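Letters A, B and C name the chains as they come in the text, with residue numbers starting at 1 for each one.
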Amino acid sequence: MTDKTADQTETKAAPLAPPAQPAGPSPDKLIVSSSPHFLNTESVPKIMHTVVMALFPAVAASVYFFGFRALLLVLVCVGSCMLSEYWMQKIRKKPVTVHDGSAIITGMLLALTLPPSFPIFGAFLGSFFAIVVGKQLFGGLGFNIFNPALLGRAFMQATYPVLITTWTTPRTIAEAVDAVSAATPLALMKFEGKTTPIMDLFVGNVAGSMGETSVIAILIGGLYLRYKGYINWKLPLGYLGAIAVVGGVFWLVNPAKYPSPLFHLFAGGAMLGAWFMVTDMVTSPVTPLGQWIFAICGGVMAVVIRLLGGLPEGVMYSILFMNAFVPLLNKHTRPKVFGEIKAEQS
Amino acid sequence: MNTFTKMFLNLTVVGVVSGVILAVAFNGFDPLIRINKEKELKESIFVVLPEAKDYKVLEKTIGKDKLTIYEGIDAAGQPVGIAFKADGGGFQGNVGIMVGLNLDYLKLKGIKVLDQLETPGLGNRISEPAFEDQFKNIEITPKVEYIKNRKPEKPNQIQAITGATISSDAVVKNINNAVARVLKIFPKQEMLKLGEGTSPASAESKEPKK
Amino acid sequence: MADNTPTLWHEFQKGLWQDIPPFRLVLGTCPTLAVTNSVINGVAMGLATLFVLLCSNLIVSALRKYVAPQVRIALYVVIIALFVTLADMFLAAMFPPISKALGPYVPLIVVNCIILGRAEGFAQKNPVAPSFMDALGIGIGFTLSLAVMGAIREILGFGSIVNIKLLGDWFEPWIVMILPAGAFLVFGGLVALVNYISHRKTAAGTNP
């Protein structure tokens, strides 16, 4: 549930048997049209407000652990995303929809995946790329193939590979150690074979991307969104489940070499990705089977990259990779089983 | 002239003429290309064995394992160390390194990264002198190691490049593998004998190359 | 743009904008993407291609009356391969660093669509002089395209141009621009730009 919500909630509701939970007042009849489906624009700001609320604990945790620089980065990313959206819509001579809030969420999510010491100009560049290339060049809200925040993050990873892997220790434990160039729990595990206490991971008292460290803050936000009905439970469940199962198989085979499934779930971007990025309704499939395939394949891939690939973390690339399959999954997983509800409308 | 004859003549004439031109050009260019390659090899050997002024090629085969090493010789004709290539996978492709080893088989004399496709600005810093020079006088027993973000503490340690652990790891791993192979195929005793001037019976020495 | 009478000048200039290979014809994209991480590499690749293109167009045009149509493609490939091998050996002998930087992409000129395309689409139907001008125009257009790609990528990726430091220390190089991903981004941007300018020209009625 990132950049796109209200219209998508409606879109998704159509093929599923019980409409998932319409965001606002239900439309009187089922309108069949090609996407994007702007049926219920009044409720967009309301939903975006909810998602911003859901991200608030993660932002608060990042400020608590990494200081006010984290807040500054969030503000820069949000501001740059909104500005870019405004510019692009002006240039494309489209109605300006900055107020719908989707750019705010892109900016927040991008900021939460950056290291706390990331430079301001980098944050601006990443936000610009996320909105302009990741979203507006594809046609704007609802047309983008890839999650814009993750695309911006991937661009930053390729553009500033050193800066984006320069981590700082949270200020809560910084006094004893050199504050610069700490290692993330995943990097410690991969390159030095050290594990991090699960409790530290759960609270967020570790080095890492600002908003990814604190599992509990993300869980609060994610569960709040689930409670509000804006998250399809299949996606986070499938993603996290696959990570746990595949990570668990490796762990059972060789517990000395591979970390426990709990470590996989709590370390790195797995939680933030599962609750706020896999669930992005624009870039995830609409059919139940497609959603399962999407989430499970993504989870498997994240663990495979972590354990067998060159990089310590695989969440970002796993989600972007599966994003590319969404049109294919939508096409080949049309809900024949659910055909009771007028199959021809899918 | 019927079609078949025309086709036949076309292909024959063009093929023969091209072949002749290429043969002539090859004769002209090939010595230059060889000189370039040899110069590259020679320079890399002299970088990793700084005292060397010339080198000898030693080849030896044990079973299927064929290995070529280069013995550096100083101005006085005395062996100063051996050099060999270490290849292996890096982050994106092969990382090929020329490794210089002291004749006592205890310490590296230097390394030079010859081929690499690592990320520009990050992994490709393994080919910068700042990284390569760390390997001078590094002990190879039990094996070369790297540590991160700290100054090396032990005589067999170097410091990895920040943010490029995978590339640094590849360099160290390739060196260790190559050193192990050299130790197996060209055992220390033989090389020490070489140092005394006796040619090892099993190693086939070639003419020194200029 | 110029009138439509096929003058030699017309054959030459069409390769510079109207038919500029990578951006308008979208041909020869493999070297365009692969070797343009610096201006020097781009220009070297462009010149190697220009050489092969000139020679093959000349020979194909000169031989056009004697070629049996059934085997023409085989002949063209042999002729092109001849000059590519010459160019490759020349670079390896005279400019080893450039030869190393371009790697397999010089031998790959053999399968460059621009060259076979000009031989098949132009040189085999036209006399020697227009074929020469055609090859010169297309080749220079290709070289310029690679130079522009190389310049953008080198400035953003290294902060320099032709190895001369252009941007100060404040500039943090965009590593992505030297990577394949950056090649695709710049290529897409330039295709869009060229199309945009062409459409504006068409709309303005200067290019009927």
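Assume a residue touches a chain if its C-beta (ideal position, glycine included) is under 8 Å from a C-beta of that chain, and two chains touch if they have at least 3 such contacts.
In this text the structure is predicted, and so the values were computed from the model without any measurement.
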Neighbour overlap between chain B and chain C returns A
Which chain's mean C-alpha position is the greatest distance from chain C's? A
Which two chains have the most C-beta pairs in contact? B-C
Roughly how far is chain B from chain C, centre to centre by C-alpha average, rounded to an integer in Å? 35
Centre distance in Å when chain A and chain C are each reduced to the mean of their C-alpha atoms: 41
Counting in whole Å, what is the centre-to-centre distance of chain A and chain B, each centre being its mean C-alpha position? 46
At which residue positions does chain A touch at least two other chains? 161
Could you say which residues in chain B touch two or more other chains, in rising order? 119, 121-122
Residues in chain C with touches to at least two other chains are numbered 175, 179
The residues of chain C that touch chain A in their complex are 172, 174-177, 179, 181-182, 185
If you look only at chain A, which of its residues touch chain B in the complex? 161-162, 165-166, 178, 181, 183, 187, 191-192, 310
Mind listing the chain C positions that touch chain B in their complex? 37, 66-68, 70-71, 74-75, 78-79, 81-82, 85-86, 89-90, 92-94, 96, 157, 173, 175, 178-179
Show which residues of chain B lie in contact with chain A when the two form their complex. 91, 119, 121-122, 148-149, 162-163, 165-166, 169
Please give the residue numbers of chain A that touch chain C in the complex, ascending. 119, 121-122, 133, 155, 158-161, 163
